[in-house]
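Look at the two complexes coming up: chain A is in both, with chain B in one and chain C in the other.
What follows is the complex of A and B.
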C-alpha cells in the first residue's frame, strides 16, 4: 500500500470513528436482512478494499484473515495466503464471520435491565450508561475507601493484545479485584515449567518432519484444523499417527492406531512405557547425561514402582499394546508427542503431563525437529502491553490488586471480605455459561450491587447483568495478534465502521475515564482520547521487530510475519529450569506441594451413586460460547446431544434420540441421546457450547474441583472439568 | 462424451469440519437455510469399526441430470464442461427439480422464491481458479476432476449412504475412508 492510499484510509477511519462517537439515540446505522447485506453509508470510494485481519479467538490456529469490503460492508472473508500455517484457508467458524458482524442478534446499544435476570431491558444512551457506571464506582470508592470491591472477570473471548486495555482500565481506577488464573491449560503449563522451565513448542509446521506422532488427549481435527493438515502430510510421508484418548475423536478416526485409554490414567501409560524403555535400554543415555537432572531418581522410581501389568490394569490397554507402543515410540526417530489440554483437565492432569514429558526426554526427542513434547508456547507475546500498563490515581492506598481465583470464581467472590466484592465488570468472558457450578455463579451475581457486561450477544452472563455495553467485532477496531501455538504475527486492521452503537473496549475505557473525571476529577488515569491504530503501534518494541524481522509495525500491512529462528523448541539443550537442565527431579515442583518426580497420582474414579464420567470437550462449530449461536452454524447443527455407548444405553433402556436426564448433586441437564461407539463404556460425552435460546449448559453438573497444577505459572490451579461424575436416566 | 467436470471427495482426508460448506456460504453470502454443499456423516455401522467419517456433497453435476430433464421452463442447462447450470431468471420456483433430484441438491430459496444450487463456481473455473469449497478445505480433501479422463486407483463411485448412481450418473468420485486399528475397552 503506498503512502497516499494509506493516508486516505487513515483519514477515512478517523472520520468513521468521529461519526460513530457522534451517533445519537435512534440512529442505528444498520438495517439487516437475511440475504443481502445492506451497505452502511461509508465514506470513501466504492471500490472493493481488502483489509488484513486476525482471528482473536482462544484457539490454536489464530488465523490470518482478509476481509473484502465494498461500500463499507464486508462482502466476504478469506484466509490470508501470506501465512504458511493457515495457508489461505479459514475454518467453519472463520468463514462464518459475516454472520457474526451482521447478526440481527447483536447487542446494538447500551441497555439497562430492571431486575437482574428479569429480561426487562431498556435502551439507554452511552452517556447514561457511563454516568450510572461512574456513579457506582465513585460510590463504592467513597463507601469503602478503595476500589477493591470492584472485580474484573475478563479472559479469553478476545486475545488481541489491545484487549489487555480492559485490565488497564481497571488499573487506572485504583486497586481492584481480578479474576486470576486460566481455566483451560494451567496444569500442563506448570508441568512443563517444572520439567523445562517454561512452555515452548516446536513450530506446528514442523509436524511434517515427524516419523512417529502421538496425539495425546488432543483433537486437532476439531480444535486446530490447520495443524491437522500437517499431521496428515506427515502421515502420507510414512509417519505413524497414534491417538490416545478416552473418546474416539475426529482425530482418532484419522489415526493409524487409536488407544481408548481409561480417562485420567495417561500418566500410568507413560510410566508403563518408560518401564519398557528402561528395561530394554531404549533410552538415550547420552542425551540424559548431557541435558537432564534427576533421571537416575526417575528410573529408580519407575523400576521400583511401575510394572507393565499395573499400567495395563490402570489404563485398560493390553500389556502387549503398551509394549509395542513403547518400542515403536522409542525406536522411531524423530518421535513427536502433542499433549492436549483435554488430558490435563483432571486432578492428576499436571503430573500426567510430566510423565509424558519424561518419555520425550528419556528418548532424546526434545530439541529435535519432528520430535519433542508439544504443549504450547508464549514466546511471541513480548509486546509492550501499553494499553494494559496504567497507573492508579495519585494517592491510591493499599497493597495492590486482589486476586480472585478464576477457577473457583463464584465461591471466592461470595467469600471475599474486607472489603466484600460489590461490583462486577465482565468483558471477553461468559462465566454464567462457561464456569463450573452455575448455581453458585448465579448466587454470586445476585449478591452484587452492580454488574456491567461488555459483549456482542445476549448470553447467560448478560442476562444476569444490570448494564450491558455493546462491543465491536474484530473487523470494527484495529489490533494485533499472535498465537500460543504457531509462530506468526498478524496485524488486525479496522475494516468497517463499528456496527450500531458498538464501541471497542479501549474506547469504552477512554470515555468512562472522561466521565469519571468529569464527576470527580483525578479519579481515573486512563487516557481520555487517542487514535486506536496509533495505540496498536505502541504495543511494538525492538524485541518484537527483531524476532519477526520487521522494521516497523506498519510493515505488517503488507502481510503477516513469522518469527525467525524459532522452529525447534529447546534446540540448544539449555532449559530455563533452576539447573538449566531438563528436570526429572524438580525442587520447584516440591515447593508447590508436588512430588519432585513425575510419579503416578491416583485418578478420580466413578462411584456407585455416579457410575459415569461426563467429559465435555470442545465442539467443532464453536469456541466456548462463541459461534454456535450464529444462524449458519444452526443450519448445520442446533441441538446438543449426550453421547452414550450402545451397551450403556441398553442398560438404561435408552434409544437414540430419547430425552435423557444427566444429573449429580450439583444439578442436571436434559438432552437427546446419541448412541455411539465413539465413546467408552464408562463415560458419556457432551460438547460444551452456548446454544442461543436453549437451556443447555454442561456446567450445571460440573464441580469446581481444582486440577493438581497451575499455581506456579498462572497463579491458580486449573479446573478438573473432566472429573465430572454423573448418572443418567431416561426422561 | 466430451469433458465432464466433477468433484473428487477424499473421505480419508475429510475431517467433517464443515469448512467447505461454510466457505461456500461465505463466498455467496447465502441464506442460512441454503446449503449448496453439505457434509454428511457416514453411519458408524457402515464400516468395520465405529469411526467419524463424512461424505461432503454438493451438486453432483450429473451426466444425466434429472433436474434438467424435469424443469418445465428450461432453467437448467449443461455447459460443455459438464457443469449443470441453473438460471434463476427463468426459474418459476415450481420445485419439480427438488423432487426429481435423488441427491436433494436443488433447494428452495425462501427469500427470492426460486431454486438455488451449486454451479461449481463456474465463473471461477472459467478464470482458472478453484471453487470456494475446494479452496476453503483445510485438508485439501476436495478436487475438481474431469471424470472422462479420471482414473485414480482406489477411487469409487459411491460411499455408504450415497444414492444409486445409475439413475443420473453423478460426476462425483470418492476416496474411501481407511479404518485404523482400534484398541477398545468394550470388546
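What follows is the complex of A and C.
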C-alpha cells in the first residue's frame, strides 16, 4: 500500500476534535502517486487510419478485411474491394469482429485455475505463467528423458501462416507428441489424391463460366457466402444449378433443381449416372484415351455392377431423375461439380468422392474453365514455414515427434505409453467441444498433470485447463493469409495494440523460450526475441513472389495480390499421379487398403435400436465454437434445435417446440424440436454449435468412427461425423 | 505544522464551511483511493490488510442510508474463509476468464452494445487529458475501467485538498478541481455505478465484494444528491 497517500486513522474519527490534530499526509508538496494513470504526453494519435487485415478462420472465403481505426480503436470493419473474391463484403461473422475484439468477456490476463474444472481462477502475471510452464516442461524432460509426454493439439482455429510458429515452439523443445491428421476433409483429399495426384481446384471466380453446376453436399449460402455471387452470375448467364443434399438448405432453395438424396449414398448416384453415360456413349472417349488410366476397368465395373434401378433404390431418387441428371450433366459444356466436405464425413466418404471425380473425368470436364470437380487446393500455401521449422535442442535423443490421431485424440492420449502423455498444449483448437466422445476427452484431460490453453474466450477446453493464456485477435498482431479455395494472398497488418495483456502465439513462444533458457540454458531453441513483422517477412520466398507477381511482401500493404495462372486446375491434363494420368485405377489406393477403382462401398445403416441418423452440419452464425459465444450472435439465435421430419415427429408424438431427448449408447442431448420437411425422413438434423450458457454439444452422442480415407495425404483417416445413429423421445 | 485559517473548524468562533467540505473531501479521497486500488487488483494479495482496511471504513464513513448501513454491518461479518475465497469471487465478477458477472467498465454498461473502448471510453480519455493525465497502457487497458476512474477521482480530490490548504486561486484552485470532480461523477460514474453495484451485490459469493459494492452504492447515492 502506498504510504504517500495513506491517512492516519486518527485524522478521521467521527467528531471534530481529532481532525484538528492536523493532516498526517505529509507536506503539501508531496504528489499523488499515480499507478494506472500518468502525466499525459502531447495530444495523442487521433488520426483515422485504415489497415489491411485478413480473416484467419477455417473458411473457404478467407476474406480481405479493412479495419477503420480512430483514436487507436477499431470503429468498424469492411471487406476490401481490392480482392475480386471478397468484393468489399464480409459475412455476418466477419462484420461482428469488433464485438469480439472489444468484448468485456474476452480473456484478458494469464489465469491459473486452482483445481482443473473448479471454476476458481487466479490472475497471474506472464512471468509467473512462463515460470510455471517452463518448470513443468523441464520437470517432464528430467523425469522422462524426453519431451514426448508433452502433446500439442492445434488445428484450424487460426490459419494465419504465422500460427505454425506454435508447432515451431513445440519443435524447439525437443520431440513432442502431436495431434496428427484433420477431422474436416481428409477422405476427400485422399480421393482426389488417388485420382489426380493432389487437390487442386479452379479459381472459384471461374464458377461464372459454368453452364451446369452441381453443388454436391455443400451449402455455400451459409459456408462460402462469397461464392454465391459467382453462382448467381453463372445462373444469370444460363447455368443450371443443381443441389444434391439430404437437407433442403438455403443453397438448395436457390437451385434450379434440388435432389434430396439419402445420406451417404452419393457414390451410388454418381455411379448410376456413370452407367447412364456409359450406356448412351456420352463420355469423352478422346479425353479418356489421352489423359486417363484405368477407364476401361472402371467402365467394366460400372457395366457389371451398377444399374439405374439399384442407384434409384439406394439414393431414394427416381430413376428418371437420375437419367435426366446424367444426360444434362454429360451433354452441357462445361459442367462443374463442387464437392462439399460435409458430403465426405461418412464411412464411405472417400470412395464417394472418387465416384464423383470419375463423373467429371469421363465427361472430359477436368481441366476446363467452368468445369471440373472442385474440392479444395493448397497451391498458394508454399511459404517457408520459417516459424514452424525449429530444431530440437542440442543433445535431444529420439527419432522424432510422436503422432497421436487427432481424430481419436482422447483415446490415444490415454493409451500412450513409453512415455505416457502428461501435459497438453492447446491452441487454435477446442477439443473438449469439437471432438467426438466428450466423456473420453474429459477423462484424457483429467489424466494430465498440466494443461495449458491459449485462447480468446472461455470454452469447454479452457474450463479443463490449469493455465489459460490470453491471445491476440487478427487485428492485434501482423500475419499473412491465403485460402484453400480462392487464389488470393492477403497481408494482415497490426491495426491496434493488443487489448489487456493478450499476446500473439509467436510472442508467447519467444518469451517462453527466454524463460526456459533462463532456468536451463540450451533447453529451447526458439528465438527469444524478434519483431513480429520481420517474422512475417521471413515466411516469403521467390516461389510466392513469382506466383503472385509481387517484388516484396511489403507490396501487399498497398493491396491484396492474386496468383497469376490460377484459373483452371489440371489444364492440359498433366496430373500428379504415379502415371501422370487421371487414375480411375489407382495402385496407390490399393496400397492403402482400398479397392483400386471408385466402387460403391455400402453405407452404414441405422439399427433397430437407433433407427434415426443424426446429421450435424455447419451453422451459418459460427465457425465451430467461435462467434456463437458473442452476445450479439446469441441475440439472433440462442437455442439449438433438433430438426425432425413431420412424419417422424408424428410417429413419436412430438410437436414443434417440444423438448426432445436425442440419445444413443454414448450419451444424449435435450433440445427443442423443430418440425420441418426440409430434412429427410429417418434423419434428424442439429447444427454443430455451442452456446455460451448452455450445456449443449451434439458430440455427446458422436463416436469417433473413422471415415474410409485420409491416411495417405493427411496421416490419419477422417471422422464419419454424419454416421451418428440415434433414437429420440419426447421429454 | 500550522493550520491555516481555511482549514480550521471554526474561525473567529464561527463554524468554517470550508472545514466541512474539507472533511467531506477527505472521506471521499480515502474512499476513492481504496476503490482505485481495489479495482486495480491491489489489496487482494494481502487479505489481512484488505480486512483491516475495510474495518477502517466504519471509522470514516457514517451510515447515512440503508446501503451504507448494510455494507458496514456486513464488514463485521466477514469470515476468514471468505477472505480466502475473495480472489475467486473478485475474478468471477471483474476479471474472467469466464463471462464477467459485473464488468468494471463504464462502456460495458453505457454503450449500446455493451462493449469496451466505445464512445464513453474516449470521452473519459478526453477528460483525463483535460486534467493533464492519460492511461499508462493507453489503448490496451480501457480508460473507463473503474480502477482508473477511481484513481482519477482520488487524484482530483488530492489536488483539491492541496488547493484548499494553500488557498490557491486560478487554474489550480480548489473550485476547478471541485468542478471537475462533480462533472466526472455526473458524466462518468452516476450513469452506471448503481447497475454495477447491483450486479456485484447479486452475484458476489463473498461478503467482502458485496460489502464494498453496498458501500459504494451508498456513497454514490449520497454524492449524487450533493452535487450541483
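Just so it is clear, the second predicted complex is superposed on the first by the 687 of 731 C-alpha atoms of A that agree within 3 Å, B and C clash if a C-alpha of one lies under 4 Å from a C-alpha of the other, contacts with A are read in each partner's own complex, and residues count from 1 in each chain.
Everything below uses one rule, namely that a contact is a pair of C-beta atoms (placed from the backbone, for glycine too) under 8 Å apart; a residue touches a chain by one contact, two chains touch by 3 or more.
The model shown is predicted, which means the values in this text are computed figures rather than measured ones.
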Between chain B (first) and chain C (second), which, if any, makes contact with A:71: first, second, both or neither? second
Tell me the contact category for A:496 with respect to chain B and chain C: first, second, both or neither. second
First (chain B), second (chain C), both or neither: which does A:316 touch? first
Contact-wise, after the overlay, does A:681 reach chain B, chain C, both or neither (first, second, both, neither)? first
Looking at A:659, would you say it contacts chain B, chain C, both, or neither? Reply first, second, both or neither. neither
So, A:98: does it touch chain B (first), chain C (second), both, or neither? both
Where chain B and chain C land on the same part of chain A: residues 34-37, 98-99, 631-632
Chain A contact footprint on chain B (complex, rising order): 12-13, 15-19, 21-23, 25-27, 29-33, 35, 39, 44, 49-53, 109, 111-112, 135-140, 177, 180-186
Using the touch rule from the top, collect the residues of chain C that touch chain A in their complex. 1, 3, 8-9, 19, 23, 26-27, 29-30, 33, 36-37, 40-43, 49, 53, 56, 59-60, 62, 85, 87-88, 91-92, 95-100, 103, 105, 108, 113-118, 121-122, 125, 128-129, 132-136, 138-141, 145, 147-148, 151-152, 154-155, 158-159, 162, 165-166
Once bound in the complex, which stretches of chain A touch chain C? 1, 5, 7, 9, 11-14, 16, 19-20, 22-23, 28, 32, 34-41, 43-44, 71-73, 98-99, 102-109, 111, 114, 119-123, 458, 462, 468, 470, 496-501, 631-632, 692-693
Could you please specify the touching residues of chain A with respect to chain B in the complex? 34-37, 75-79, 87-93, 95-99, 221-222, 225-226, 228-229, 232, 248-260, 262, 316-318, 321, 620-621, 631-632, 634-636, 645, 647, 676-678, 680-681
